[in-house]
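The next part holds the structures, each set out as structure tokens.
Both complexes shown next keep chain A, but they swap its partner, so chain B is in the first and chain C is in the second.
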Partner chain A sequence: MVMEDIVKIAEEMVKEQKEISVSEFFEKNRHLLGYDNPTRALLTVVKELVDNSLDATEEARILPRIWVEVKPNGVDRFEVMVKDNGPGLTDKQIPLTLGKLLYGSKFFKLRQSRGTQGIGGSGAILYSQLTTGKPTTIISSIGNGKTSYYELMIDVKKNEPEIVSHKLIEDGKIWHGVKIEMEVEGRYVESRQSVPEYLKQVAIANPYAEIIFEGPNSRLEFLRSVNEMPPLPKEIMPHPHGIELGILRRMLKSTRSRTIASFLTNDFSRIGIGTAKEICNLAGIDPRISPQRLDIGDSEKLFKAMQKVKLIRPPTDCLSPLGEDLITKGLQKEFKAEFYTAVTRPPEVYRGNPFQVEVGVAYGGELPQEGPVKILRFTNRVPLLYQEGDCAITKAIITTDWRRYGLAQSGRSIPVGPAVIMVHLASVWVPYISESKQAIASYPVIIKEIKLALQEVGRQLQRHISGKKRMEMQQRRREIFDRYLPEVANAIAKLTNKKPEPILNKLMSMIKKSTEVIVDGRGKEETGNAG
Partner chain B sequence: MVMEDIVKIAEEMVKEQKEISVSEFFEKNRHLLGYDNPTRALLTVVKELVDNSLDATEEARILPRIWVEVKPNGVDRFEVMVKDNGPGLTDKQIPLTLGKLLYGSKFFKLRQSRGTQGIGGSGAILYSQLTTGKPTTIISSIGNGKTSYYELMIDVKKNEPEIVSHKLIEDGKIWHGVKIEMEVEGRYVESRQSVPEYLKQVAIANPYAEIIFEGPNSRLEFLRSVNEMPPLPKEIMPHPHGIELGILRRMLKSTRSRTIASFLTNDFSRIGIGTAKEICNLAGIDPRISPQRLDIGDSEKLFKAMQKVKLIRPPTDCLSPLGEDLITKGLQKEFKAEFYTAVTRPPEVYRGNPFQVEVGVAYGGELPQEGPVKILRFTNRVPLLYQEGDCAITKAIITTDWRRYGLAQSGRSIPVGPAVIMVHLASVWVPYISESKQAIASYPVIIKEIKLALQEVGRQLQRHISGKKRMEMQQRRREIFDRYLPEVANAIAKLTNKKPEPILNKLMSMIKKSTEVIVDGRGKEETGNAG
Partner chain C sequence: MVEVKKKLEMLGEDVLNDINAGKNPDIDIPVRSLSNVIYDEKSKQLTLGNKVSKRFLFNVAHAKTFTQTMMIAAFCKELQEEGIHTSLRDLFYALKKTFPNSNENTFDEQSESDPIVVDLEVALDVLREQLHLNADVRGRAAGNLIIEDRGDTIDLSKLGTGGLAIPSNVEDMKFKKVKADYILVLEKNAAFERVHEDKFWQKQNCVLVTSQGQAARGVRRFIQRLSMEFDLPVYVMCDMDAFGFYIYSVIKYGSISLAHVSDRLGTPKAKFLGLTMDDIDNFKLHNFTIKAKEVDIKRAREMLKYEWFKSKEWQRLLKSLIERKIKAELEALSGRGLKFMTETYLPQKIKNEDFLD
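Our next item is the complex of A and B:
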């Protein structure tokens, strides 16, 4: 090829390059946000809005009360409304909060929350306008006697809010909260992966929330079973063992601390002045110099020294686990089983992010005998309904040997039996396999923790099942005795030449005593059983 | 709670909100780009750079020659270099092309290409600076006697290139191409999911590319087996049956066409003037009015009318399938089997995007008898090495009944036997399950097409295997005859009082004839077999 042609081609190719906005990217890749089919899309819209409402109310320490409406409007079209009693959004902030992707406050905080990405709410609006061409209505007040009314769309090319209409009315009404109404393409079902199932699971993991659902076919009310909220998780500083060199370099440049020593103690968790000096010593850096003065070589020395020093684990008040009691109660409320148990593991760390695993199990009773066990997956109190097969929770379950704990299982598959397994991962940063946040990425340390929790509840389950089996065996033995006892008594009576009745009575009381002991033994193993 | 507190809380929460840059988002979610562990990270870096080089050379119609170097530099650190003979990048364009995420030319084109997102190359640079804190070196010329030298980083907060150093030298050297050097944290392996395995599979699907690999332990050269490139796929306009209402509304606003009729014929594929009038008629819209004049109600009417009219499928010269011949040759080159076959399906459409499925199979010979079959997955000529379980290709394979085609299989699992199954999906827009582009999302129409292709090759495989079994049975029968023939001949000789030799010869030629027919029959079934 002639060189002049190459120059032309290269220049031509350059002309076609341009910036792709985040909105354009996710509009085209809408399956990444959970909008790949109409059934899932409707669920995703409700989920994103409810998650935001729960986060907002909890952060403002208000007991959540959330209204959800899904009304059909033609074939495969629905009007969705979600309203909360949260603190509301200020008039000025509404357009950016909901009309721009990648905008929010939770991304930068090391603290457990449902949303983090600043994509959820705006993603729902993006999906609404993509499928119906219509704006979304947002009504909000922060309790100052004024109400904001917005009709909002997203300017996809710019990833900026497009305000179709806006009013701020001083109506004197004193209320606080956000009400969002949008029209979307979707399909409504009531089966496994559905809006009612999602809300039911939300109620299990958030028993302090009141949720009223007005669906196309029915009205559901999930009332509070607890009137107190869990403590608000605290924001923490990054742990030195979890950061990366590139992030450290950026922190060094932008810190307000004047010396390396104060930078280390102020901008990280778990570094006191002694440790800061030890790190500087290891790195051969003067602790009194300015962080901005560190070049790339020094930064790397500092980074390596930070990895070498022994440190206690990150603080864990940034987490808000459900707790064993709440898990057991949640399972009892929803499933009629004969045995319940739960385990909350101590916090662990992956890439510097604290996380905590909890597992609950319900077994027997009215749970279906046939088919695989029911799996309930949660992250930061949010139920996950899709991509079960791709999730670290499922991978941990299928690689656990359940035959050991009394359930049937063939190879590496979901165990079979009358059981529900509930797993909750609480973390300041959950690594999801995609932006739709329906499955946890398979980090080995996370899978390991889940398996440890599963094994703990597994052992309790095994004790229950084997106790039950022992009792059944004892029952059968007793029945046999009962059947033959009169004959035995007669035989003894003949041999000893005594009356058979006293002998029979004596034999019967002996048998009764021995089986009672077994029943008591079983009773002791079922701590936490209220079924 | 007092209302004044709520106002304060709402205002406080607002203050913390801010924009999250795309770079920040993917830096924190780096597992979404394929950087979740050191082994995979090293592969992802090489993959993204090689994919870009192949796209650039092909678009400029230059036979690709690509150099790849991976050199260890300390524990878990590597220097990676990729150089191509493509058209190069203009001096001005280098920073944006590589120093900004979501920037490129391929996102907006309906045409098959490897990259689309404008994330690959810049994502690798982001990973490099995150793990080593160092800039990436880019050297390029477009054949104009000047060479550009850049040291580039990404300003993560702004998602903008940060130029560490820049020179444009008029050195009079006439060359074209791009050379990228970066240092990354990683781990080098040579097993299943590795750089050498990736390059080997690239060579299978791109036999017109020359690739030279200088690894830590060895040098590999993949030479051209074909000296001609496939025709450049053509860019197409969107098909009316694949767009969405929101997109149509945007197109109506931004089109340069002055009437609805010309808008329909110019901005879409497969709409002639007759169809355009039919659509307008159905929608009750005057074809002569300006597209900008359509309100939301009219847009929806137009949209519905577009979905109603019968249209031929989208053009398919936007696709570049490998073809049955190339697939067979590729398999023959890499695997010593006894039987090879391939099928290229006619193009299909999902959400308006043309796509095409191809499947190849190699069987028997020196392929391992034990264990599951080897699966090779490709999209747009790019091998996929990770997330096999989450991929539509795997799902199509495990839900196909392979026992019917002569392979062992237990339930819904990967079939077992001495076989390689290669699947290629070519499309203008591949729906990946995440930005790392390692698995295809499970769209039902895509799974269906893959299954149809698998069934076609399956039937050919079955004919081969059953032919082989027939021949083996025939062989056994012949051996039995051979053993008893002399005795039979002797018996006949005694009964007929003739000499045994002529009888034996006659019997033997009869047997030979009948087995020859069978061997021929088998021969005919093995079209395409060159093993």
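Our next item is the complex of A and C:
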């Protein structure tokens, strides 16, 4: 189920039964957001808060520094704290941003960012109050010498913030950032799908961020390895071909444009006056009426007309890939390998949504020789830890022939060898297969792009491996000569009644002088007929 | 015939000439696998074809075998010069050492040096005995036979339970007196002792030989000489399984791995006496057969394709083995009584000339 469907269902329910709010709906369907079991819930809480912090710092062009604490409190409860050095939230912003679901400016404008739904932070708060009944503490300052203290809960019936306590203190402390503390039910693990693994992967995809993690068992520090951030992605208006009916209806309701014609030209990319009129004609709608006046039937006609018209592709400057350099540095930071390479593909478009694929590979060195390669999946620099098998990235990897590139692979399976394969998909609208955002849907054009990138790094990997094999071969040859030639010289000397030294010298000089005589041995002795 | 020592020296000269000419030195070794073994219907012998493989020094895959070959050749030359004879095992220990600055040995096991000795035999067209290397000593004989070996006269009818241990080199052995109608070869030592104990050779007037498993060169040459020089028929008795049949065929035709010396070791007129599937049926040995293993069946299938097993009778026997999935050991005859073999089975088979060729 995609986000839009959930919102639609929730909205319908809200409409039909006045007493159910969006918050209430999510309270009852928390599994949709990644809170389905205690282990995953704890990870989701940390993930949502860290994602918000990274988005905020990046947007303000501040090199991120994020503190994460997870402290046990009783058997299955944890105190979670996340603090960042971002721009902070104003005193007024805090309750609305964090105490109300589906609030946020990120909604209709499209930009490549980590969260898009206005659910992340407030979802975590909701989960906390659901499992512990306690409010969440938010402390923030915007660098003006004042600090806001809030204790927040969410009124699930109204989907409104419930302020338990609030203070704004003029303490003269000059700092900026947000600190969120909450208590949640959960289970802490350190496996493949865990808080530390998540943070490690965040550090790989965001090598310009510094992350300090104080866990129940240990402290981990992921240091910054580059001091430059990728450029801030530009916002774009949605492309008509990438929109769904539900979004269109909500846009119609909330737009400030007065006529359908201006709505189409202002709120979408790639629609000019001419195209707007063409769409209205096709839909049989008067371009001069107010967008709010369209009923369900009309908006559906409009939607269909928008899909029919020919349009140029959406602009792609809204994407901000990591770039080959950052990917390589991110991998170098966390894996001790002998070879690193990365490829960033040019942008592509699926259903009106621009996207871009990047792939990095680390090989050899201290990476484990046995077992399948490690796959790291990212969307908009966020690690995906669950639903690996359902993801377009995994599908692209297993349908690539890795034997050609020097890794072992049996049939359509994950290749085997000392390697890490990292795939990053940047897009203004990532098509997840479900709302917990853990697997990318398998659109053919997305799979194709990932495979092209994999093949490109594969070729580089293959060159490295074959070079390595050649080196090993030469090394082996040198050893052979060192080892065997004295015995050969001795034997020839005995057979021919000569001195061994000149024979050995001659043999040694043969190796140095010419490599042509060195036949490449592939095992079998050559067979021919005596003649 | 060129002296063996000279041949070894020529091998060294050839390699040295290559080196002096800046060429990658190589040794030509005739191929000794089934693909290069030819069965000559007329002479009833396995002979070696003319395929050779080149063994290069400067080839990662060949370098070690090349080195080993040269080492063995040099060792054999020393044996010639000093007039010493030694065994394959001695050769292995004499040459086994660790290459300097490595953990690699010149030879890890005797099974590495043995085939290279045969390579040299074939490449230089000399016999192992001529290289002063003794083959395994295996095989025994008893009967109305007096021989002379290294000046000693030995009466094979007066050697007690053990009989004569046949030496690896029987070239210089002289047969002084032979009183026998045929030679009976038994694969197994236990069967040999049983038959010997019953003084079968005396009653039936024959020479008893056991190969004690696969026939060593000495036994084969012994059988060949005795049968040729006194025109004696040879009857071979082996277990009824593919390995037993192959032992018989090696005595008769020569072996795949030593096809180059078949003319010196094979006894084409040897006949297979038993055990056969018909014996199982005719002598009611059904209760004494055992189940054939996968490897027995596989080997029998391979042998179906050998040219020298293409006769109707042999194909029938091999196929029945594969179909019935059973095998029988010589000892199965004891199931019918301890003297069944000497008093019933053997006399009856020989009288009826119930043999496979």
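Here is the rule we use: the second predicted complex is superposed on the first by the 373 of 531 C-alpha atoms of A that agree within 3 Å, B and C clash if a C-alpha of one lies under 4 Å from a C-alpha of the other, contacts with A are read in each partner's own complex, and residues count from 1 in each chain.
Just so we're on the same page, a contact is a pair of C-beta atoms (placed from the backbone, for glycine too) under 8 Å apart; a residue touches a chain by one contact, two chains touch by 3 or more.
All values reported here derive from a predicted model rather than from experimental measurement.
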Have a look at where A:Ile312 lands relative to chain B and chain C in the superposition and call it first, second, both or neither. neither
Comparing chain B against chain C, which has contacts with more of the residues in chain A? B
Going by the contact rule set out at the top, does A:Glu487 touch chain B (first), chain C (second), both, or neither? second
Between chain B and chain C, whom does A:Val75 touch in the aligned arrangement: first, second, both, or neither? neither
Would you check which partner chain A:Ile503 touches, where first means chain B only, second means chain C only, and both and neither mean what they say? second
For A:Ile296, using the defined touch cut-off, is the partner it touches chain B, chain C, both, or neither? Pick first, second, both or neither. first
Contacts of A:Leu96 with chain B and chain C, given as first, second, both or neither: first
If you lay the two complexes on top of each other, which residues of chain A touch chain B in one and chain C in the other? none
Interface with chain A, chain B side, in the complex: residues 1, 3, 6-7, 9-11, 13-14, 16-22, 24-25, 27-29, 31-32, 36, 56, 59-62, 87-90, 92-93, 96-97, 100, 102-105, 107-109, 117-118, 129-134, 142-144, 156-157, 174, 176, 244-250, 296, 299-300, 303, 389-390, 429, 431, 433-435, 441, 443
Under the definition above, what is the set of chain C residues touching chain A in their complex? 8-9, 11-13, 15-16, 19-20, 22-24, 28-31, 50-64, 66-67, 70-71, 73-74, 77-78, 99-102, 104, 106
In the complex formed with chain C, which residues of chain A make contact? 473, 476-477, 479-480, 482-484, 486-488, 490-492, 494-498, 503, 506-507, 510-511, 513-514, 517-531
